[in-house]
Structures are given as C-alpha cells and as structure tokens.
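Have a look at the structure below, then the notes.
Going by the order they are written in, the chains are A, B, C and D; count residues from 1 in each one.
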Amino acid sequence: MSANWGSHIELSLFGESHGEAIGIVIGNLPAGIRLDMEQIRWYMKRRAPGQNKMSTPRQEKDEVHIVSGLVDGVTTGAPLCAMIYNQNQHSKDYSELKACMRPGHSDYPAYMKYHGFNDVRGGGHFSGRLTAPLVFAGSIARQILKEKGIIVGAHIQSIHHIQDQPFPVDIDETLLEQLSSKMYPTLDEDVFLQMQEVIESARLQQDSVGGIVECAIINVPAGIGNPFFDSIESHLSPLLFSIPAVKSVSFGQRNITEMYGHEANDAYYYQEGQVKTKTNHNGGVTGGITNGMPIVFQVGIKPTPSISQIQETVNVQTQTNTQIQVKGRHDPCIVPRAVVVVESMAALGILDMLG
Amino acid sequence: MSANWGSHIELSLFGESHGEAIGIVIGNLPAGIRLDMEQIRWYMKRRAPGQNKMSTPRQEKDEVHIVSGLVDGVTTGAPLCAMIYNQNQHSKDYSELKACMRPGHSDYPAYMKYHGFNDVRGGGHFSGRLTAPLVFAGSIARQILKEKGIIVGAHIQSIHHIQDQPFPVDIDETLLEQLSSKMYPTLDEDVFLQMQEVIESARLQQDSVGGIVECAIINVPAGIGNPFFDSIESHLSPLLFSIPAVKSVSFGQRNITEMYGHEANDAYYYQEGQVKTKTNHNGGVTGGITNGMPIVFQVGIKPTPSISQIQETVNVQTQTNTQIQVKGRHDPCIVPRAVVVVESMAALGILDMLG
Amino acid sequence: MSANWGSHIELSLFGESHGEAIGIVIGNLPAGIRLDMEQIRWYMKRRAPGQNKMSTPRQEKDEVHIVSGLVDGVTTGAPLCAMIYNQNQHSKDYSELKACMRPGHSDYPAYMKYHGFNDVRGGGHFSGRLTAPLVFAGSIARQILKEKGIIVGAHIQSIHHIQDQPFPVDIDETLLEQLSSKMYPTLDEDVFLQMQEVIESARLQQDSVGGIVECAIINVPAGIGNPFFDSIESHLSPLLFSIPAVKSVSFGQRNITEMYGHEANDAYYYQEGQVKTKTNHNGGVTGGITNGMPIVFQVGIKPTPSISQIQETVNVQTQTNTQIQVKGRHDPCIVPRAVVVVESMAALGILDMLG
Amino acid sequence: MSANWGSHIELSLFGESHGEAIGIVIGNLPAGIRLDMEQIRWYMKRRAPGQNKMSTPRQEKDEVHIVSGLVDGVTTGAPLCAMIYNQNQHSKDYSELKACMRPGHSDYPAYMKYHGFNDVRGGGHFSGRLTAPLVFAGSIARQILKEKGIIVGAHIQSIHHIQDQPFPVDIDETLLEQLSSKMYPTLDEDVFLQMQEVIESARLQQDSVGGIVECAIINVPAGIGNPFFDSIESHLSPLLFSIPAVKSVSFGQRNITEMYGHEANDAYYYQEGQVKTKTNHNGGVTGGITNGMPIVFQVGIKPTPSISQIQETVNVQTQTNTQIQVKGRHDPCIVPRAVVVVESMAALGILDMLG
C-alpha cells in the first residue's frame, strides 16, 4: 500500500502543493462523533505556514472543507473526505525545476520513478503541505482517543545542537495538554529562546536547521501490540517515516545503546494496585507490546532541504553538472510545525492498533 | 497483520524457544531457484548461539529442515515451509517466571495481552531464537537480490560507547562481502578488540551491553519507493523493529538533526553518465524513494535484558513487589549475532519492495 | 479494508447520493498516461441514469472533475482524485426513511451498524450512484490494459427469464468492442426487445426485475493468478460483490455443476503453436490461474429493491410493524446500466493482479 | 496476498500432496482456548478420503500434529502451526504428468506460472488435500464462534441434477448440528440415495459429477459487514473460491435474478422485539451488511477433473497434441467431502470479520 494506509482506520492521501487542492479520505471512522472543529482548527493552525519569520511566508488558511461522511457535524460512518483548497500558489517560482534537481529533495528520485511526469510545482505530491490533511485526520483520531482517556503530546527535544530536557517518567494529561496549547512547545520554557536564535541565524545565512521531536502517548493499557511484524514500534514507525524530512525514529531512551542492562531494564513495582516502572527507558514498550507506561519516542527531522544558497547539482535534461539556487518561500526550520504532525501520526497509529 | 508480513514475498513466523520447533512459511518465492545451502548455513551460523563466551552457552545446531516448496533443492513457487527443531531446551531454568516478570522483557506485556496463557519457557514466541528462521528467509532473499546485483552488508557501528567508523560514501560489493564473511564485522578491524573488552567486562559483572548495527544495501536502482505510507523507510522500519531488542532506526547520517541544510543536502554530480551524490547524508533515500546511492541505515539495539543481577520487579500472582534473579544462559551482548539478522530483514524488505 | 481496496492499483471510494459529491482516489497509477477522456465519457454515459424510461428519471451529468494526479491531461503517478458533484438531489423524497426500513435495501443493516447516524438520503453512501466513480476508475484501468492487448467486454445474459445466448468459445476484440459500443449489449440483437418488454411491464406494475451480466476478459496470458487465497476468482469476486445488488458470481459455464467430468474438462490442443482449449467451461481459469483462454464469468443482479408498491416493514423508532411506499425515482431494472460497472470492476481486478 | 490470508485471524497454508507434509499457520488466535480435539477430529474425518467407494481409495489418517501455539492443549495466542504428515503417497502414478497436461486441472496454468518447476506429484500444492489444514483451522474458528452463539452448517444442495430442498427461512442450531453430524448431510434424507446412484453411475463410467453445497451461518448480529469492498459477500467469496473446484458463489435465493422486486424484497416484521424477515431471499445480507437473519449462500463445485477416461490434451515438452489417461485414485464426486470445507471457510471468514 502506498497511497492507502491502515487496518482499521483507513487513510487515502491525495493532492499537490500547487494543484487545486490537497485532501484525505478517512475510512472506518465510528459513526456518531460530533467533530470538535475548534480543536481541529487549533491543531491545523499549529502546522500552518506563514505565522512568523521562522516559517515559510506562504499564507494558507488551511480551511478544511468536508465533502462526505459528515451530516450536521456528526460522522456517519461512511468515508470522510476532507479537502483543503490551495489558494496562494506561486508556481512561477518553480519553473526551472523540471531539469535541475534540488539536493536533499525528492526531485531526482521522483524524476526517476515517474519518468519526469511528476508535478514538480512546489514539490507536487511530495510537498510538506500534504501533512495538513494528515493533521486533520490525526485531530479526529485524538478526539476519539481522548474519549478512551488516551492523550498524545509532544515537545521539541532539540533544534540543531540546542537540547530541551527529556520527558519525565511520569507524564500526565495536564503536561501534554499544556504542550499542545503552545506553538513552540518545550519542557524547559527558556530553551526555545536559544532554539529561536539558532533558527534565525540559519535563516539569515539562507541556511536551515533540523531537530528532534519527542512524543508521548499516555494511558494506553498494557497488552496492546504484537510480537514481531506488528509490534507497537512496527506499527507506528511507517507512519512517522511518512512525514517528509523524518530520518530517524527511536523508542524509549535515545541513548539506550550506551546503557548497561541493569540500567536499561525498567524495574517494575506496584503503585496503588497498578504495575508501574521506576524508569521508562523502554518507552512503554517491551516485546513489541505496551506495558502501561507512557509510550515515548523521538523523531529526527533533517534540516529543511530548501535553502537559498547556491548548490551543486545536475541537470537531467542536458545531463550535465550545474548549480542551482532555490528561490521561493522556505522554512529555515520545520521542526516547530512538525510537532503536531508527529502527534497526529502517533494518534492515528495507536487508534488503528486499538482496532 | 501480526503473524504474517509482506506484499510480494510473504512471511509467516511461528514457534517457541522451548517448544518442538520454530519455523517460517515463505510465500511467493519465484520458482526455479536452486537454494545455495552452503551460503545459507554460513548466514545461519553467524546468528547461532554458543560459539564463544560472548554469546549464550546454549548449543543449537539450527539445522533447517525444509518441509515444502522445494523439489530437488529447487524452489517450486509454492509456499516454502522451513522448520528448525529445538534440541537443547532447559525448561527447568524458567519455571518461576510465570509469576515474576523479568524487567526489560516481554513477560509483563505478554502476560497482560494473553491473560497468562503465553508460553513463558525461554520467552516462548518472543525469544530472540525466532530470528533464526528470519535469517533463513533473509538468506534466500539475498540470493535473489544478488542475481539482480543488489548486495546487503552490515558492520557493528558501536558496542556501548565504543564506536567503529561509519560506512564510506562509496560502498562496493567487495567491502560488503568481506564484512559478511566475518563473525564480528567492523570497518576498523582493531576496534572489535575494544568492543570485546566491554562485552567481557559486562559479562563478568553479570551485566549486558547493547550497540548499533549499520547496514548498507547497494545497487538498488534510483526510483524505488513511494511518497508517504510506503516510503523506503516506512517499508523497512517495521521489519527492523520486529527484531527483538531493536529500539531505534535511523536512515543516513545519524546526527543529521545537528547539521545545517547546506551540509545535509547531498550534492548531485554525473560520474560516467551516472548520477551520484558527493556525500550520502540522506542514506540513499529522499522523498521516500531511492536515489541510486547506497541505502544506509543504523539500528539501535538495547542491552540484553537477561542479566543475572538481582532486580526489582513484581509478582503478578501475589500482586506484590519482589526481586528476581534471572538464571539460565544469557548473552552479555547480542549485537554481533544481530548483524546478520539486520541484513536479513533489510534483504526481505527491499526484495518485497521490488515487487 | 473496507473503504480502501487494492494491492497495486489502490482505490478509495467516498461520497453520498445526496451529499455534495461522490468521488474516488486512485493510487499507484503509472505516470505518463494521457487519459482518453472521450472514451471515459462514453463509459460513464453507459452507466448514467435518466437516459430513457427503463432507468431512473434522475438527471445527472456525471461530469468528472479531476482534483489531483493529472497535469495537462497526463497522469503524474501521484494519487488521482476524481469528484462528481451532485446536482439533482430531491432530498425531500426520503425524509421518512430514518424510521421505516425499505425491504431489500441497506437501510436496516446500516441503521444497526451506524446506530442511526448514517446518511439515509437517497441511500447515502450505499447508493448505486457510487458506481459512477468506480466506472471512471475502471475506464482508466481499461485504457492501461488495452495497451497490453487485454480487452474487457460484457453483455446482458438475462433479464428476468429472458436469456441471451452465452459467449462463444472464441471471443475476439471486435465482438467485445461492439458490445461496449452499445447501451444495451446482447449477443442476440433481437433478444433485447423481449427484455425491454419485461422491464416495461415491471415498471407499469411499479415493480422491478433483475438479471445476469456475462463478462469476458481476453488476451490475459496463461499463468496469472495463484492457488488458494489469491486465485483469479478470489481476486475478482470481492470487487464484483462490491457492486450494489450483485448476489452471485460464477466462473465458466454457469451450469457446470450439472455436467459430467468428461464434459466439463476443457480439452487442450495446439493451434499455431499456442495452447487452446476446445471448450471453455472453466472460464479461462483452472487451479485459480489463467490458462490463456478468455476469462468468462457471470454476475447475478437482483431486482432493484426500490419499488413503489406498498410493502410490509418495521418502524425502528416506534418499534412497530408498519407499511412503506417508497416514493422517488426508481429504475425498474438496473441490469443494462450495470454492464459497464461489471466491466469496470473486472478491469480493475485484472490490472491489480498483473501487478 | 496469495499464501497468506486474513485481517484478524491470519492463515498461511503450505505443503504438497506427495511431499513430507501439509500444514497451516494460524495467527492471532485468542489465548486461552482449550481445543476441542474430539470435535476437530470429527470435522477432519468428514473431509478425509478413503471412507467408502464414493471417494478416493487413498487412505490418510489426517492426524494433526500441532507444532506451536499450544501448551497443555490450550492456545497461547502465539501462531499455531499444525502439520499433517503425508503417509500414503503413490508418486509413481503421476510420473508422466510433467509433460501431459490433465484437462480441467491446474497442470497447464501452473506449468506456465512456475515455468515447469512446480511439484506435479498428486497436484502438488494445488491438491484438494490442502483443504485438510483449512478444515482444521475452520474447526477452531467454529469453536470460537460457538462461544458467541454463532453456528455454521451446510447440506448438499445438489449432485448433478438431483436436488435437495433449500434451507427453510428459520434455521436453528439443532438443524445445523444434525447436518454437521452426518457424512452426507441433506435436508431431505431420502434424496441422498438418489445422489449416491448418480455418483456410483459416474464412477462405473470412469466419469465424475459435481454439485452445490448450501451453507448457513446463524446468529450473526445485524450490522456486521461494510458497503463495497469489504461487504459480507466480498469477505467470504475469496475464501470460498479458494476451495479447489469451486466455480460459483451465490448469496440468498439462487434464482433471485428471475424474481420480481416485490418477491425478492424480504419484508421486515417484529417478532418478540426482534426484527426478522418473512422470507430470506437476500440470504441475511443487504447492502453488504448482515440484517440478523441467517447468512445463506450456495457454492457450486464442478465435477472432479480427475477421470480415468481417455482425454485429448497437449504435451508441452514435445509441443504436440496427444491423449492422456489419468491413472491413480480419484473421487467420482468430491461434493460430500467438500461440505465441511465450505463450512470451515465460512467460519474463518465470519470470525475474521467479527474482528
């Protein structure tokens, strides 16, 4: 499956950055859910571009238009198709890109796969803009999960070399909702100022930076998941790697490979009749199955490949080496906007797993 | 899918560590392949336990018995079922484990998922021993890939804090086959001595260590993969996370989140009519699709959870806190044995993707 | 998978009869195909309602609006989303249907599945109108198949008790294209007049009739398909049973269960170096795999459940027995319009199987 | 998926008629089920060959050996692998079949698909013998379904032209269990004598006959299934078409295409607070979803292709026309043995659908 995804919740993603619209079909949603549009709009806004100088100046309202599956604001159980019409395309910016492959982008692989027929305007179907419908779908998943007491939230773990502190062992709903209410969520509130400096400095040099998002899912009962091919990690990782620019996914303590066994093993104990672990180096999952502790994982995002510096590349039409200067509107750092995308994918993955 | 996997090559894994046998059914293999049993045996031996003091003293010959799908040593195209009979079970070692949950293991999640009916002897179906049939399947995949010129190989990137050098940008068949011929493959030959010291030191303290395996797949043509849900990363990561003790998967340069865009972007150039990149920080994949450069990724493996030190845990039958000392035969470090497992999963994933 | 379908070609169907639009996302289409819109329009027209008194008087132009996946009329390889906007909804006709379940319709099962939240206007997502986007998708599949020499075509095998002759053993492209050029394709041209009489007679009595569509796919090479779970029959039948009102699917000679083995077995012979069979009682498939002869199957379609006669039923709100008279615009026989739907599903199924 | 099947219950089928063994891996079974081996043995016996002159004289005990997934007779939740060792192969009978293609069999399609590498002894992986592990898997499914009150049963609807009466509208557990207790279940007890005569007459003429099995599943709640791609019919039909020699599947009244709408529509009414239908022409399914009435369907089975008469065919090695006389042990009619296979597939399909 490439355009479609899911065993229970089913997704089908479509659209191009500079086409008429982007959208998603969400199948197998439960009937009878009144969508919390205000909450959805907030999540969409967290991802939306053009909100300050740290992100691309492209202005898109990202208003979701629901085509099917909803009557009087309530899900019918039929596939829900949601569209976001593109408003603010500047296709002229991308006219030369048919021939000159932008380094770090999908241009050359896509050229080879699609024999040059792919839509190159704004990255076409490969654009990070396609994460907007994914956030919409994820927002619905979060609403459904919340009714089961399951909450998803994330913070910016790092931008370039600037690190936030990691999640504590105990993660409560209040913390996650507080993070979700921020445009730039960090656990250490001051660290984002340093992060901003690094981003601004990259922007001024027509460069870009990446970083890491750490995400937690709390209140998933113990016993969810499977050994081997459909472990929690195996079920979530394809969704997380579907997010453009994600290059790594790690569960639990990021440096667990440098720990000793006696450190890495999380000791169990009973707390008010509930089994807990004193540490959570395994990120709530052992043997591919949840142990009831928060599911914690980190997602590594590379620096935005769109930079305005002159770069070495090839022209596939003339088959010669050349240089390229990518014009257009770029994010010097997409990590802050990616936080809600990571949360959305996590929510979709866990909801699908709950069956 | 949990017990089954695959779109083209189909896998179905079964068996328990201390049951009669472990095995795998491999569907959709091409007909007419004469299995290279000598090569398969070598790959199996690289994973097998009991070869020296760094691994568990359990002796298993891991001889593969093929039940179906093969006539006169040649694949028929029908599902190939392969069995490995267990010979050397010491089930007495594990008698108390029904109640006391080993930290870091699948015991407690499995207890919750299966309501205590799971086979706990030797970890049952969760045992790392189940990777033996996966290596068998992977060996066949490698043979098929090799006929297409595609080679897979890996080295031990790190054990605890001891680091090998990373793969170079150019990786040729000779290097990968050299690595595959070693029981403890490292690029820097001397570094394994230091790794051995760390492992031996952990063993003496009844402790364990983990590490990182770096794997490369070369000669995959540009244009393989998909945007979003079935990207190269999304297709390989579930297989890699299926390997017991794997906690992280990263593609390309492991520290790409700390690079600037102008560094992370791999510049294209023509070399003898072929598009190459000067660096390979993206690990051969951008936009989820191959660019023709080696696919490179790292797999983080936690320290073996089986350690003989006394650990805090719970007794789920008495519902009290308790202590446990895990007896039996343990690997102080499974990373060297995991190298061929990682290679096998990579081979299966890429072969499946080629369709 | 319920809303999504396919291993290679991927479909995601959405929309409701009286909502804003119906549509489909088609994933994994090859890039570089210039859609033959004229041909597509003709296939769409064959399915469209309102063309004469034998079908529902609802007028819908069924104009396809392509949202994504197409640039300058050529497929890009990205998911192609196609929408058909609804124009001519008379939702007032259906206002009472929330409580009174129409016999033979999805009303009651859907009420139970969706707890009453399903869109009941015009049958909502269950409407036969949803076959319009399926015909669109099938038309693209046929265009791709035709480039491989594979042709699909069908005729009306029966309406109520009136029978057309069956397909001959040899079916050539000319015959199939001739059938596809007709609104009411039969092999015996005169028989459709009798069929029309039966339909008209049913209409006058506010009743309806069903029938059988026989479909052929020619020039599929021998050796396509699989034993057991993904046989040709197992791959095509779910698509055919997805068509509303289809109740049976049979491959080969419909009365093969009443033949003797020596009759049912199709004798092989060489014709100009090609293996053929003298008869085709097995419909081109034995052991789940094609033998190179035309794939032939019949699809049984029940009489349209929408009839204007008074019927016994229940009111699920008052939980009492009651009567219902279904008003609105109904087809006394949907079989003629279903021919192109059957062809479309067959084309999608075979294209998906070719990989 | 070809060797693997299932969304919740997962199957992987392997083995050849004259190889070492045939078997199946069943994944995702619930843990904690004590297998009713006596019941399983009975179902296996109903399918087993060699019980009288109506079936093949090949004697096979079909004893199931369980390799994994079971401890002390109770499922563990891990994949259950079951093997049936072949004991009574007469491979010499089949030595010439590499070249001469038996009409009506998989020989020629398999030769083309597998380029002649397929195991031809006894039909290899295509043998009807592979239904033995399917009946084993189905027996477990039936045990699980029975705990939910869901019962499956079937009768021989016809052999050649001899017809049993159809299922009544009301089908209770007693009737289905009575049918399941018979080797030759018919509703009209006398009709089987006539069927036997037809079979015996065919046997004497070295010929074969086919027939129809009618199956019912009762007590499935209303609201199970989906519109379109995963309707009840779409979910069950691929399993039913996986049974060798099955050529047709029809739901509800077999001749529904010859009814008028006012007849075909099943009128609803309340009976003791429960919604029922007065007739069941739709076989318990409308719109792809159950309505709470018995799910009823018919499966058409062609005459056994193995007959001892001389038949025209081709020799693919010499590429000439030739004749063949199939020696060996043949069933003049497999319909009686197929009854329990149909029941098994129905049980697996519905259990999978219940999730």
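Operating definition for what follows: a residue touches a chain if its C-beta (ideal position, glycine included) is under 8 Å from a C-beta of that chain, and two chains touch if they have at least 3 such contacts.
Predicted model, so just to flag it, every value in this text is computed and none were measured.
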* Look at the interfaces A-B and A-C and say which one is made up of more C-beta pairs in contact. => A-B
* Structure fact -> Note, CA centroid farthest from subunit C's centroid sits on chain B
* Averaged over CA atoms, how far is the centre of subunit A from the centre of subunit B? Could you give it in whole Å? => 27
* Using the average of all C-alpha atoms in each chain as its centre, how far is it in Å between subunit A and subunit C? -> 39
* Asked: Got the subunit B residues that touch at least 2 other chains?
  -> 1-4, 7, 13, 78, 113, 125, 227
* Structure fact -> subunit B partner, complex, touching residues on subunit A are 1-5, 7, 11, 13, 101, 103-110, 112-114, 125-126, 130, 158, 160-161, 202, 207-212, 221-231, 233-235, 237-239, 241-242, 244, 246-252, 254, 256-270, 273, 275, 277-278, 281-283, 285-292, 300-307, 309, 311-314, 316, 319-321
* Residue ranges of subunit B touching subunit D (in the complex, touch as defined) -> 1-4, 6-7, 10, 12-16, 19-23, 25, 27-28, 31-32, 67-69, 71, 74-81, 83, 113-115, 117-119, 124-125
* Asked: Okay, in this complex, where on subunit B does subunit C touch?
  -> 7, 78, 227, 355
